[in-house]
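Paired with subunit B in one complex and with subunit C in the other, subunit A is shared by the two complexes that follow.
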Partner chain A sequence: MYSYLFRRLLQTIPVMFGVSIVAFLIIHLAPGDPVLMLLPQEATQSDIEEMRRSLGLDRPLAIQYFSWLQSVLSGDLGQSLFTSRPVIVEVLERFPNTILLTVTSIFLAIVFGMPLGILAAVKRGSSLDTGSMVASVIGWSMPNFWIGLMLIIVFGVWLKWLPTSGMYDLMAEERTLLDLLRHLILPSFTLAVSHMAYVARFTRSSLLEVLNQDYIRTARAKGLREQFVVLRHGLRNSLIPIISVLGVTIGHLLGGAVIVEAVFAWPGLGNLMIKGIFARDFPLVQGAMLFAAVTFIFVNLVADILYAVVDPRIRYQ
Partner chain B sequence: MTTVLEAFDDKTDAPVKQVPFWRRLARRKASTVCFAIVLTIVLLAVLAPILPIPDPNEIRSANRLVGPGEKGYLLGADELGRDVLSRLIWGARVSLMAGFGASIAALLFGGAIGLVAGFFGKWVDTILMRSTDVILAFPSILLAVGVVAALGPGLNNAMIAVAIAGFPLYARVVRGSVLSARENTYVEAARSIGVSNFRIMWRHILPNILAPIIVALSLDVGIKIVITSSLSFLGLGAQPPTADWGNMIASGKDYIRVSAHLVMMPGFAIFLIALCLNVVGDQLRDVLDPRLTNT
Partner chain C sequence: MRTKKKGNAKRTVIDRRTMLKVAGAAGALTTVSGMAPFGLAPVARAAAAGKSFVIGLASEADGVSTIVARPDHLGRLIERGLLDYDRAGASFKIVPGTAASMPEILDDGLRFRIKLRDDVYFHDGSKMNAESVVYWVNMQIDKEHPLNKLYKWRALGRLKSIEKVVAVDEYTVDFYLKKFNAAQMDWFTDIGYAGGPVERLKNKVDLVNTDLAAGPYTIASRQRGGATVLERFDKYFDPNEGNAPRIGLKTIPEVNARMAALEAGEIDWMDGLSAESAQHLKKVEGLEVSERKTLYVWFISLDMRNKPLSDVRVRQALNYAVDKESLIRDVLSGAAERSYSPLSKQFGDFYAGDQVKHYDYDPDRAKALLKEAGYPDGFKSTIYTNTGRIGQMKPIEMSQFIQANWKAVGVDCNIEASEWSAFESRRRKGEFPIATRGWTPSTADPDGLVFQNFHSSMVPPTQRNVAFLQDPDVDKWLDLGMGTLDMAKRTNAFVEAQKRIAELAPWVFICHEITFEAYNKDLMGYRVHPSGRGRSLTYAYKV
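And now, the complex of A and B:
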């Protein structure tokens, strides 16, 4: 187990390295000179040279990268050009909101998607199976910003049941948990829809595969109740691959959150990034991207380790 | 009772009569209907300039936010009095081009990487595929948004960004297929008579791995249309006044309380084409990729 852990940790180092290079290059290869943007129009050529030297932009790209990496590793992601606050502070302020949204969505995706997949697998070939798989293709094909807006139309505009933007009621005197939950329902459901579909499909195929195994036949031959066979012997074993799928799902959710946050004005990392783009606040965009990618790598790492804990065969591959 | 001779006569030993793939494809009603829908939308988009529809950018302030079916507007008018149906059809040109363009760019780039990595193996493979993995470490929409941020908003840049975020898929699919294709005896035969590496890749391997590539592409285009529309919705894709399904939704969003149709129609269009492409792609996979049908 430890050797697996060690190997897996070692593998993340080059990936982290690569991710940092991509995040660095995206901003540095962008057209447009940042120095010209920072300086007033009437700046002379020598002002420009001076500024470039003071920012270290006259040095070779590789040197710039390593000095940037050094500051990033010490937790310094630079300063927002717009608010002049450290990027790391801005990012950490919004990050918990994105995590709240993402975790709630995963929870919803599992709670709705898994039973759907189990039913479809158990009643294979029935109209229930076809119906739930049709529903999952439909869920998979809907753009999430559109789902969000439709939910706003139905539950916010027509029925007036739920709030449609932000995390708290701005008019309220204090921030209550109930208020937060009411604001959380629509965005988290929106984000969850396509992943419910995915979890349902995956659970179905994974369970079907397991239900073909010999030990399932043995369990049935022993005269166990079908319910027991499916849930205890079948589902338990089919759950293993789902762990690694959930790791990837979190990545998709972090990406999807960018769009859903924009629809519902949810004050998360994605919203921050979009604001940064329109303000041409490159350090902020870079910092937010880097932060999200590292989170994703970390989540995948945890998922892989959990997978190896649950399924020892993985460790020896 | 069957005799030994009869057993040898078994029909299963005879070469299986090949049913053309389009006929196998047409057997499923759903995929036929979906294929027809995709074809219709593509045709409408291509024929937009000669269709008898009003100018999509013609502003008529008297008809602001007219509902569907009123005043001769089949699908209503938007916040500037522009015809929604006409904008949907013209928008299809932009949205479809963005989705197809991004997928094909990703295919060309990723496919080339996968082909070279799979064919040469060893350190070439390691370097190329490890670099590709780095791209996969970013949530794809987030990476696309980041690249657009650097390049600046606009249709072409959005396409490039989505292609960059999407090429690893093709690199992996192509590499995997090349790995098995290069072991074939016809590759060995070609090599033994001194055919160049490039020619082996181009003439012998590529034609034999087209099936998985077509399947991957058909399943991917729908996703790419959704992603490019999402960028457009965020204001990072095609810029107004050019109509595009994503930016139509973005501008309709502000009138959601009075004219919900401005959001519903273009969103439904994206959903419909993505759904149909997924259904057709699924069916194509069953038909073209026999390895996957058993699962």
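And now, the complex of A and C:
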């Protein structure tokens, strides 16, 4: 187990190195120049060149990359060009908000997706099965910014049940948990919709496979109640592929959060990245991308380890 | 966790149950850490007339001081310059801000004496005096100043006229100019001149994120990610301003979501609306939609150095050939005013639209002029434009409309659109014979727009006259306008310059943008300020 862990950790090094190159190149090769955005409209060509020099942007790309990498390795993600604050501070301020949104969405995806999948598997071929699978295809296909806007219009503008944006009521004297939850409902549901569909479909197919196994027949033959057979013997054994799906899902959720955070003005990492991208804030975008990638790698590592925990038959030798 | 014996060796094994516990604990920890913003101190109450309100913004301020960051709307509410554009009257008229009166002009305009009010406080509680202004200006312009190297100063463009600044007495400051600058009064409205608390500055306080301004509102809380609350600054000198106890600034990047928040009553004011969005919001009960006419101009520059654009008849023909009214109606949904010269009506007395040559849509006249110039079958060229950016309207659609208009008179153009910064860096070098551009003047003095774009000394690669207009008459009027502080003479000079410019047609004059603001009908005391960014919101309050 420990040697497996060690090997997996070693494997992440080249991956992170690759990620750092991609994060650096994507923003640097994209057209656009932070210097033109930093300077007022009247700035002259010499102002522009001086600014470029002072930011080190006049150096060759490879040199810029290695000097960035060097500071990243020493734990310094640099400073935002626009807010003049350390990138790591900016990122760590927003990251918990994104995690809150993502964890809630996973929770919703499991709570709604799994029962739907179980029902569909148990009532295979019924109209319930067809209906839920059609619904999940629709849920999976709809772009989440559109779902978000629709939810805002229905629950925020028409019914006025829920707030349309932000994390707390801005002008409230106190920030309460209830207020946070009210603000969390629409964005987390929006983010969860497609994953609910995904989890439902996956649970259905995985459970169906397990339900055809011999030991399920044995369980039924023993005279166990069907509920017990499905949930205790069937579901538990069908969980393994679902865990691996959830690991990947977190990556998707982190990506999807970028859009959902922008629509709902959720103060998370995605919103920060969008702002950085529009302003061509190189250090901020590089740092935030690297951070998100490391998180994703780490989550997948945890998912791999959880396999062994959930299923004692799996051992990493 | 348990200890297993295998032979004689002891081995620690992590069993399933422990792993699950650890995983559960880690999950709980991350969820709880997501709630980190809890326990933020509630905003203190302040006494003032009227109720608080919330404004919705497209992007978050990246700092709080205009001299080192771009606080935009936030800056308009918390900062105050020595002079200011009239907020109560919602115009570009220059009035005293933290100055006690308008500057005294000495030494034929080479020295400006400003008397400060003696009741101005910065938001850290310290009192403003002459020393605070001197130190503030010096830290930006004096390369030997201990703070000079700490920041990239954004106001330097408006400070470049200053030779030195001297405190005459406790509340009087003399500004010595390097050379005469007719736009200096306007430049004094810039926060680059505003002053700051010397003791705090000396301690190298973080200027980007510390509110040291002297305006009617001060920052009560600022949560990164777009939630800032301001409260009335009780030591502010003017009792007529700061009528709402608090103003909330909520960043909602997506425009449809921002509109929904306005409809839902979560925000009370928003700007930057397109004509289509404004039409939609006009139908919503309880909302008011106002148009804001701007200093903005959208034009096509024609490089006069080479044939065929070197012929004035060709340039005039290109002006006659464009149906400006239809373009504004069909492409811009009416959200613009036709432009006759570079300056819009918002420039007040400098406006010359009613005196310059008009190029009303007349394709026959355009054809005749082209024929006269030796191009009876027109010619081929390219319209260079950009793929769009805030402040450039709809460059591609507008270019396509103009392309069709020109084709009708025989001028056959391709359109080449590139990304903004790539486009702009080539445009600045004067590489494009025909290029589109929108220009937002940063002050209401005609100097910025007219002088930079049309004076013969202002040609690329270092300056902005990309039409390469080099006309002695235009120069004469611009030099005259730039050489006096006598308003009557200045006005006349700039009007005459515009007459000549319109005649020479270095640009195809298209339009001045109109933008829209929408707000709750309960928002009182607010007038749309032509400079935008909610400048007059300092007078607003909710009932």
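Heads up, the rule we're going with is that the second predicted complex is superposed on the first by the 270 of 317 C-alpha atoms of A that agree within 3 Å, B and C clash if a C-alpha of one lies under 4 Å from a C-alpha of the other, contacts with A are read in each partner's own complex, and residues count from 1 in each chain.
We take it that contacts are C-beta pairs under 8 Å (C-beta built on N, C-alpha and C of every residue); 3 or more make two chains touch, one makes a residue touch a chain.
Being a predicted model, the structure only gives us computed values, none of them experimental.
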item	value
Contacts of A:W146 with subunit B and subunit C, given as first, second, both or neither	first
First, second, both or neither for A:V285, with subunit B first and subunit C second	first
Contacts of A:V22 with subunit B and subunit C, given as first, second, both or neither	first
Contacts of A:V157 with subunit B and subunit C, given as first, second, both or neither	both
Subunit B versus subunit C as contact partner of A:Q45, first or second or both or neither	second
Per-residue contact with subunit A, leading partner among subunit C and subunit B	C
Touching partner for A:S165 - first (subunit B), second (subunit C), both, neither	second
First (subunit B), second (subunit C), both or neither touched by A:E90	second
Partner chain(s) touched by A:F298 [first = subunit B, second = subunit C, both, neither]	neither
First (subunit B), second (subunit C), both or neither touched by A:V258	first
Shared contact residues on subunit A - subunit B and subunit C	31-32, 145, 149, 152-153, 157, 262-263, 274, 278
Contact set on subunit A toward subunit C in their complex	1, 31-33, 36, 38-46, 51, 54, 80, 82-85, 90, 93-94, 96-97, 99-101, 103, 145, 148-149, 152-153, 156-157, 160, 163-168, 170-175, 177, 180, 262-268, 271-272, 274-275, 278-279, 302, 305-306, 308-310, 312
Of subunit B, residues touching subunit A in the complex	130-131, 133-135, 137-143, 145-153, 222, 226, 229-230, 233-236, 249, 253, 256-257, 260, 263-264, 267-268, 270-271, 274-275, 278-279, 282, 295
Subunit A to subunit B touching residues, read off their complex	14-15, 18-19, 21-23, 26-27, 29-32, 137-138, 140-146, 149-150, 152-153, 157, 205, 209, 251-252, 254-256, 258-259, 262-263, 270, 273-274, 276-278, 282, 285-286, 289, 292-293, 296-297
Subunit A-touching residues of subunit C, taken from the complex the two chains share	14, 16, 19-20, 23, 26-27, 30-31, 33-40, 42-43, 52, 54, 59-60, 62-63, 68-70, 151-152, 154, 157, 206, 208-209, 223-227, 229, 246, 248, 250-254, 256-257, 260-261, 263-266, 418-422, 424-425, 428, 439-440, 442, 448, 452, 461-463
